[in-house]
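Several structures are given next for inspection.
You will see two complexes here that share chain A, one where it goes with chain B and one where it goes with chain C.
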Partner chain A sequence: MNPSHRHQDEEIQRFTANELAQHWVLMITLTVLALTGLALFAHGTFVGRVLMAIEGGMEARGAIHRFFAVVLMLLTAWHFLYAVFTERGHRQLMEMLPRASDLAGFAGLLRYYLGRTPEPPAFGRFTPLQKLQYWGAGIGSLMMIGTGLILWFHTQAMAVLPKWLFDVTTIVHGYEGLILFILLFGWHLYIVHFSPGNFPLQRTFISGRISRQRLWREHRLEYRELFGDTPPAADPPRSNQEAP
Partner chain B sequence: MKRLTLLATAALASGAAAQPGPAPTPAPPLAVEVRQCGICHGRPEFKQVDPDGTVRTLWVDEGQLATSVHAKWHCIDCHADVDRIPHPPRLALVNCQRCHFPGNPVGAPEEVNYEGYVKSVHGRLRQAGNAKAPACQDCHGGHGVRKPSDAASLVHPLHLPQTCGRCHVRVFAEYTTSAHGVSLLEKGNREAPSCSSCHGEHGILPPKENASAVSATHIPETCSNCHGMTEFNLRYGIPINPVRTFRHTFHGIANELGSVRVANCASCHTAHNILPATDPRSTVNPANIPATCGKVGCHPGANANYARGRFHIDPSSRDAGIIYWVALFFKILTVSTLAALGAHIVLDLVKKLRHRQGATVRD
Partner chain C sequence: MCAAWPTLVLLAATEESIPPAGTAVRTVVRIVLGSFIAVLVAYILLEQIGSWRRRRAAREP
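This part shows the complex of A and B:
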């Protein structure tokens, strides 16, 4: 791409169709798993009763939960193969690995929030906060799959596992699910869609594209790699973001 | 013998007793005292041999009647179909509702739950023509009806198991050797449940019916009448609240939502043979747990490993050991996550809104 090109609403492709598809499947799967899980976790509360009624009662709820658990496991396999065996996927995984610079990035972000520095730190392709979301969701999902399988095949599991481990598994599955729910449906949604400048909908997860302005603002190191030190033109009026 | 005096009208006594029809209520003015029922029914040897060879005693124990709640009534007040002497060989079953109805003028207790009885499994079978199904007098006694609070009453809690056990023989055998039965019948502990404590009195329904107090979905509630109280449980050496801890398990949640497939109290502890886990006869004794959990339709293949470890765990109690600590860790983790992410959102929000405001002002 020509770095000197400064077309006003130019967007660049950030995610491939494969990556977007993975995100869509994950988004739908985790939403259904969270709602069917919460119906059980929040049993006895109003929310739990409403969810349980919507999901068709205990047995239907369980069937839906297990169906989407299988989808999540297939997606995990798909993602694993993608990240390990495709060149593009592997490069993304490498970019996603936590580094010491991420800690400095966190500290810098905190200083910026507290008004100690005028500018936020310059981040690369994935910001420390994005890495936290990715690894949080990833490790969380793996934990949910592992504990979930024990709960699914409880009759067999109880024949070999100590009872206390089975009880611990139940607790871990419940609370880990709750933490994932908070992480994705609270924090992730705020960062991506609800924060000022992104509200009400940031379209990257649909189009896979990001504006040069946003790339400059949020992933400056990546921007510099692509376009050099020349900042992009001012934000086009129709894009929903705050002043720099 | 006044009690046993049969009063009949002069018309009846003179032999013109051909008029049919039931005895009206209240009885018509009785003119002449013609016979005494006790002449026949007062003799212990008075009996009848039925065509099938069975011998039925027709003796009415005066003493029993004299100490019953109905001591002041005459024979025909209840046996209202006796309108001549000698009366027909088979009298109708006494209808207690002649007096025991709401607003009755004779002061008979009105709290009798007739409606409940009619809808009960006993009442329904009776109406369907099953003569073995109990009517009022089968449980309360015929001539010896006493108040349920009377220690000699057939439906007094201490006698009730025996009364029900006349028909429910196998259940009676199981109950009498259970923790409940031993406590009530052998130790005389009135806190221990008798039959009606769990099954109800007149409105007894089969456990398969959802409305029954001992149906799969109602049994935890019924057990919790006693075992839902911590101090009650402690008094009997039960260190945890079994109903509350059950409610938080998968079994308990599914049960609360109306699942009848999932285990309820009686699925593991049985209905009548309830014994402490330390008792080798108990279905929840470690030696018997594989068979109990491995029941058809539950967890086939349950082995000895199922019996290792504790059941009815309360994760919020330190007694739960590692389960308590893991639960505590995750509670703290959840709250910290919520706090950290919430703090970030607030910081980010404040910064971005200020930034925007500043930009607007600058513009």
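This part shows the complex of A and C:
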């Protein structure tokens, strides 16, 4: 599938089936890991007790958590192989790399929110916020896998690690999980689906497609690479239309 | 999968036996976490207020 292929007149294919599949597996995996992890993390609270009961008790919860941890490891390997050994994946990874211009872009976005500039900055394939979410989730997942393996094989780990490091690992795993939960289920969902112009649902994660109008608003540099400087036909009017 | 299940259950059952870390470490972690959440909430408020102001300005003649 050619990702830049125009779909009909209004939409273009932004993500391939492979990329969408990775996102779906990550979405399901992190949801289950978050819910089973939260049951243990907050086991003394009402929410924790309810989650623990739904998940079949302490033992079943741990088993489900470990099963999906293995799925996350396999997904990480899949994503690594995709990003390193396929041309498309490698290009995407290069586009995702943080650059100095992202700081200026983010500052410009804040100035736009504050009403200091009439237009938001022009972004390329990925906006600074998208890069922040990608690297936050990516590095966070790697940390969760590393610390999770130490906790899983704690008998072997205790033979070579000092007690304080094991304590820190326990805390990092719990709170990093909480940070990931907040980042993905709070902030990410807000930015993708609930922010102005996106509410109530942005369908790119289902179809992989994006309208030319949205591409113009949110990824203007990429739009110019594909279609030149001619803006698309105007959007149908929406009360909450904003960018990006 | 079936053979691995009892092992997973056994490992999960021992999870709670790990002693917790000191309160000082947890306090530092909670401050970092609280700051992180505050930044995210501030961003959302900033975007929402900016959006509201632009929509209000667009409605005014």
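Following the convention adopted for this analysis, the second predicted complex is superposed on the first by the 226 of 244 C-alpha atoms of A that agree within 3 Å, B and C clash if a C-alpha of one lies under 4 Å from a C-alpha of the other, contacts with A are read in each partner's own complex, and residues count from 1 in each chain.
In this section, a contact is a pair of C-beta atoms (placed from the backbone, for glycine too) under 8 Å apart; a residue touches a chain by one contact, two chains touch by 3 or more.
Note that the structure is a prediction, hence the values are computed from the model and not measured.
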Clash or fit, chain B versus chain C on superposed chain A: clash
First, second, both or neither for A:107, with chain B first and chain C second: neither
Which superposed partner A:52 touches (first chain B, second chain C, both, neither): first
Touching partner for A:179 - first (chain B), second (chain C), both, neither: both
Which superposed partner A:67 touches (first chain B, second chain C, both, neither): second
Which superposed partner A:156 touches (first chain B, second chain C, both, neither): first
Chain B versus chain C as contact partner of A:187, first or second or both or neither: both
Footprint overlap on chain A, comparing chain B with chain C: 40, 58-59, 110, 112-114, 154, 166-168, 170-171, 175, 178-179, 182-183, 186-187, 190, 195-196, 242
Complex contacts: residues of chain C adjacent to chain A: 5, 8-9, 11-16, 18, 20-22, 25-26, 29, 33, 36-37, 40, 43-44, 46-51, 53-55
List of chain A residues in touch with chain B within their complex: 40, 43-44, 52, 57-59, 110, 112-114, 129, 154-156, 158-164, 166-168, 170-172, 175-176, 178-179, 182-183, 186-187, 190-191, 195-197, 242-243
Chain C partner contacts - residues on chain A that touch it in the complex: 40, 58-63, 65-67, 110, 112-115, 151-152, 154, 166-168, 170-171, 175, 178-179, 182-183, 186-187, 190, 195-196, 239-240, 242
Chain B - residues contacting chain A, complex: 247, 250, 253-254, 256-259, 262, 293, 299-303, 305-306, 308-311, 313, 315, 320-323, 326-327, 330-331, 333-334, 337-338, 341-342, 344-345, 347-353, 355-356, 359, 363
